[in-house]
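Provided herewith is a single structure, encoded as structure tokens, for subsequent inquiry.
Chain IDs A, B, C and D follow the sequence of writing; residue 1 opens each chain.
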Amino acid sequence: MITVRSLVIALTILVLGPLSANAQDVVKIGQIEAQTGANAIYGWMSSQGTALAVDEINKGGGFKVGNKTYKIQLIALDTRGEPKEATVQLKRLVEVDGAKYIFGPFLSNVFLAVRPYAGEFNGKLLMWGGATRIHDYVGTPGHEFLMRTWNWDAGKNGFGELMVDNLVKTTGAKKIAMLFQNDQGGKVLEDIYVPMFKAKGIEYRLDYFEPGTKDFSAVLAKIAAWKPDFLFPSYADSYLYDIVRQATESGQLTKFFLVRGSLGPGLKNKDGIGEYMVYVPKYFEEAEKKDPKVAKFIKSYKDFYKRDFPYDQAPLCSASCYDHVYMLVEAMKKAGTVDDPAAVRKALMSMTYDGMWRIRFDEKGEAVFNFDVVRLKKGGALEVTHINPN
Amino acid sequence: MALEVRGLSKHFAGLVAVAEVSFRVAPGEILGIIGPNGSGKTTLLSMMAGLLAPTVGSVLWKGREIQRLRPDLIAGLGIVKTFQNPQVFAELTVSDNVLVASHLALKRALGARRGLEVLGAAQAVEHRLAARVGEVLALCNIGAAAQQLAGNLSYGEEKMLGIAMALMCDPELLLLDEPASGLGRDEVRNLETVLDNVHTAGTTLCIVDHKIGFLRGLADRVIALNYGQMIAEGAPEQVLNDPAVVEAYLGAGHARA
Amino acid sequence: MTGQALLWGGLYALPIFVRSDFLLTIFIFTFIYGILAVTFDLIFGFTGQLSMFHPAVFGVSAYMTHLLAVHYKLPFWAATVPSAAAAIVLAIIVGSICFKFRLKTFYFAVVTLAFAEMIRLGVMNWNSVTNGTLGLVVAGKPTIYWPGSGIVPVKGPIAWYYLTLVCLSLTVLVCARCLRSWMGRCFGAIRLNEDLARTLGINVFRYKLLSFAIGNALASFAGGLYGYYTGYIDPGYLGINQSMEVLAMVLLGGQGTLVGPIVGSLVLTGLPHAIDLRAEVRSILYGAILIFTILVMPRGIVGTLNAWRSRRGA
Amino acid sequence: MTQLVLGQALNGAIIGAMYGIIALGITLTFGITGIVNFALGEFMMIGAYATYALADRGGLPYPVAVVPACLIAAAAGYLSNKAFFRFTRNNLVNGLLVSIGLISIFESASMLLWTATPVEMHFVLPGALRLGDIGLPKMKLVVFAVIVAVIVATYFALARTWLGRASFAYAQNPEAAMLMGVHTPRLETAVMLYSTGLAGLGGALYASLYSLEPAMGGVYVLKGMEAAILGGIGSLMGSLWGGVILGVIEGVGSIFLPTAFRDAYGLAVLVAILLFRPSGLFGDE
């Protein structure tokens, strides 16, 4: 059934002009993420986390701000990773649905395309995006509508420096080969880590591969011939599994260093690897046993989606977006309003939310939260270090 | 001297389709080319029209070698060929078919100034062409079918349309490949009158046909081919009675008996 | 004909009733992609050459227009001219290679696709100029002369709506003029029967090339507009899926017509926003609609309407 | 260095064989029935996930799981032919559009089933064969052997059997074939079943080498198309050679030149070859 609902609403508001969204006692959260298509992994998981949190809150009878009880209406749209789609969708969310809180996007090309329009609503809008390129804009004048929900390799709160130090100290690595997919993420990693390696006098090489590549044997062979101490592969799981497998299977490269990415590939090839050092926002297998909040989250995920919990890289998206919904609600309570994003932002900037993570936003509006560094040795021996920048 | 063919040969993977054929076509004459099926008539004609490149030999048009030129250039020089099994633009109406064929005429009329025509200038020329289309259709008396889709025409009409399109290029030399084959008696008679008119209008004709009957009344001169070789040349009657020709045809006759 | 007049009239009058940025944006994208679709149809629907080269021209011109405007301080319109020139040069190079070697249908499609891909990879890795996969942020706006207020930048949905609509109208006008002239006759002849066209004195190579060049030159404007409207350019502009989308628009709307591609563009741009379902179901439905439209109306929406009308006329 | 190049040439040939099996499907469907099935990659995806489901979740031994996986893909192919493709005979572009639609349908369906997060099957045959510095994963060698066997078998089958003669008669002239008593709809169905089944097999083998995601089909159908064109539409062995050539060029190319351009190397060669043989290496003029 094709509902032309959006169109109809639009047509009605043409006469009245955009509604001021004092929608009775519903707070609308719009979401623009790629839920289908080739780059859907992040967006798809994050939209799951959001949906889960919204469902819990509404089932719990909503939340109270002032003397009014609000429920949340989540309008999650699928951008398919296409800037064109996203632009139209954001306009719909803001104008037709009158949503003031936007979750997403996780994709930088989408973010850069919607940025100008969102900017027109600076102060009247709050956008929680994970996209890497948000880093360049968050906290700059005219971008007070931005919150970067994702942690960042660079900067004083970032984990990049720490990871590299750790690597050098504990392994004395001197030669590092980077293998990134040729897209925004890969290029940004280059910008961050190449200078670090230079500064530390580490010898490095960098190879890019076409997104969509599945067989890396050629480039891996090339890299192996260069005899690096560590391979620093691209982060998306869809490549990571294949890179790690193919590198270890031929026995050419067995030591891995990851700053974004998941533990799964390492565990799967635990007998092939020499060492596998990875940054993970949370090592869920362990946290589930120790932290009741995490256990509760995993349980409600299973109940809600009737599906096993994907312990891999994906939970970090869903879990963090899950926390973010609750954090947003807290901020609304603190600010005493649901209609004034500016006030809500002020509240956010001055609070620390204690969910599955301890999350606060730095002065620019980038999330800072605790994470784990996991070192996996041949055979599967694990060594987890918890790090809390807060 | 309009067209001269010098020692023209065509080999297809060992098989010799045309061997060392030489002849001339004088301006204003009607030359017939006869021969049993597979004697290389169509191949010869295609080489004259530039659709096939000869293996050896040359074709001269007004003293200039043309056997290596592209077909569209040769058409531009005034040599236009029709196809044995008619070729038309099935999805267009008859008059549009002929209008498409007005390409060369327009080119001659406007040359580089055709650019303006895009801007809607030079309408006069367009009107003249449209009028000419009417004339040509009338000449080939298929004017009645002008607005039909070419795809819906009868076989005979399609062949006529083929000739009409060729005429629209106003050729000096018109090469007709078996124009009469597959036509009914009246259609043949009609064709004869049309070709007669075309000829009196000053066009040189070169007609390929496998049975002499049709050419007897029409051609001034006839060439006979067999197995790619020229076996006779002269006035229709003379060629018809040439023993070699008789043999070539009756050979088939014996086979039948 | 009256139908067409109605369509254009409606489009020009629309903003009088519709003020929604959301709806107008759908139309703005419809018009920009409409330019692509119409020019693609000139090459494919009218001349019969299945070109997969459009994304390359779309992307290259988007980059060129922006880069020229920035580095040489050119106004948008001045920058579109060299971009169009570049499009023509590309078209002539690729076109003459393909047509000289008589590549047809499938083979032509794959070779043009190959060239488009190679250009994409070039753009993607030429970091110093194109900033690679990070893409370029376009801050500038096209300017127009407005009586009274002089040269003004194009801002806001309504301005963009009319700017893109006018560009689309001009594209259609140019195509229509070419098609109504002797060029159109040659294109048609080539599509319907190349050998016959040859014997009638039509230089098949030249007119294939002409169609290819005109189509790509006009398409280049779509690239410039798109870059400036979305304010962001990245190598995704040159992706194969762009070819597929444009092809879908033309087939759905009706190949071999000038209105069809625009209708197709409107349908495919609007459809995703008219379906309010969860993502996966939505794109399943989207696919199903594509398939059934083409199976029910093999000649596309407009093509079928025309056939129906003429049948009723006869 | 020579070792490096040799290794990648071998490896490229193996990857190319994967392209080849898709190319074979494309060549068969287009060459014989005049249908363009640009969605073959999706049947590959179906075969891959089916194998994963049966072998990993269902606990069947891998070789056993492959067979039903192919059948499932073939069944999907049968349905889409009955429902859609047979209406697009000899209409290249409409076939293309139907394929685009199918891709969107199958991809989203598998997202509903398997989610966007990639899955990887248990390792069927881990470890690599070492010849000097060259290491070739054992499973890859198996995959290569299977594909070559299948393509060669198909070649001989089509050259010898009634179906084969029928299909080529059909390809030449459907009407005449109809008179000769070839029951064309049945032939069409047979070809569709076989080509999609092949794609399914390709997927099943793929699953033993790489991780799976719903969008996996896209890349391979393109490569398959390139391989088919390179080898020449309608030539069976051509599809294998086309694939292998493509794979080797990509592999060796990315040894000497930047990996980021990997796809361009194959394309450049494809164009070059088409210019000298406009209907592919083994295609008949």
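Here is the rule we go by: contacts are C-beta pairs under 8 Å (C-beta built on N, C-alpha and C of every residue); 3 or more make two chains touch, one makes a residue touch a chain.
Small disclaimer: the values here were computed from a predicted structure and weren't measured.
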Any chain that touches chain C and chain B: none
Chain with minimal offset from the mean of all protein Cα atoms: C
Where chain A and chain B are represented by their mean Cα positions, the distance between them in whole Å: 74
Approximate Å spacing (C-alpha centroids) for the pair chain A, chain D: 36
Distance between chain centroids, defined by C-alpha means - chain B, chain D (Å): 49
Where chain A touches two or more other chains, by residue: 35-36, 44, 182, 208, 210
Sequence positions of chain C contacting 2 or more other chains: 121, 124-125, 279-280, 282-283
Multi-chain contact sites of chain D, meaning residues that touch two or more partners: 107-108, 111, 258, 260, 263
Overall pattern in which the protein chains touch one another (line/ring/star/complete/other): other
Which pairs of chains touch, using the document's own definition: A-C, A-D, B-C, C-D
Parts of chain C lying in touch with chain B, wherever the complex brings them together: 177-178, 181-183, 185-186, 188-189, 192-193, 195-204
Of all residues in chain D, those that touch chain A in their complex: 4, 7-8, 11-12, 15, 107-108, 111, 115-118, 120, 123, 126-128, 135-137, 209-211, 213, 215-216, 218-219, 250-252, 254-255, 258-260, 262-263
Complex contacts: residues of chain C adjacent to chain A: 17-23, 25-26, 29, 121, 124-125, 132-135, 137, 230-232, 234, 236, 269, 272-277, 279-280, 282-283, 285
Contact set on chain D toward chain C in their complex: 30, 84, 87-88, 91-94, 96-98, 100-105, 107-109, 111-112, 222, 225-226, 229, 233, 258, 260-261, 263-264, 267-268, 270-271, 274-275, 278-279
Residues of chain A that touch chain C when the two form their complex: 1-7, 10-11, 13-14, 17, 35-36, 44, 47, 76, 78, 80, 83-85, 87-89, 91-92, 95-96, 109, 112-113, 115-116, 133, 182-184, 186-188, 208, 210
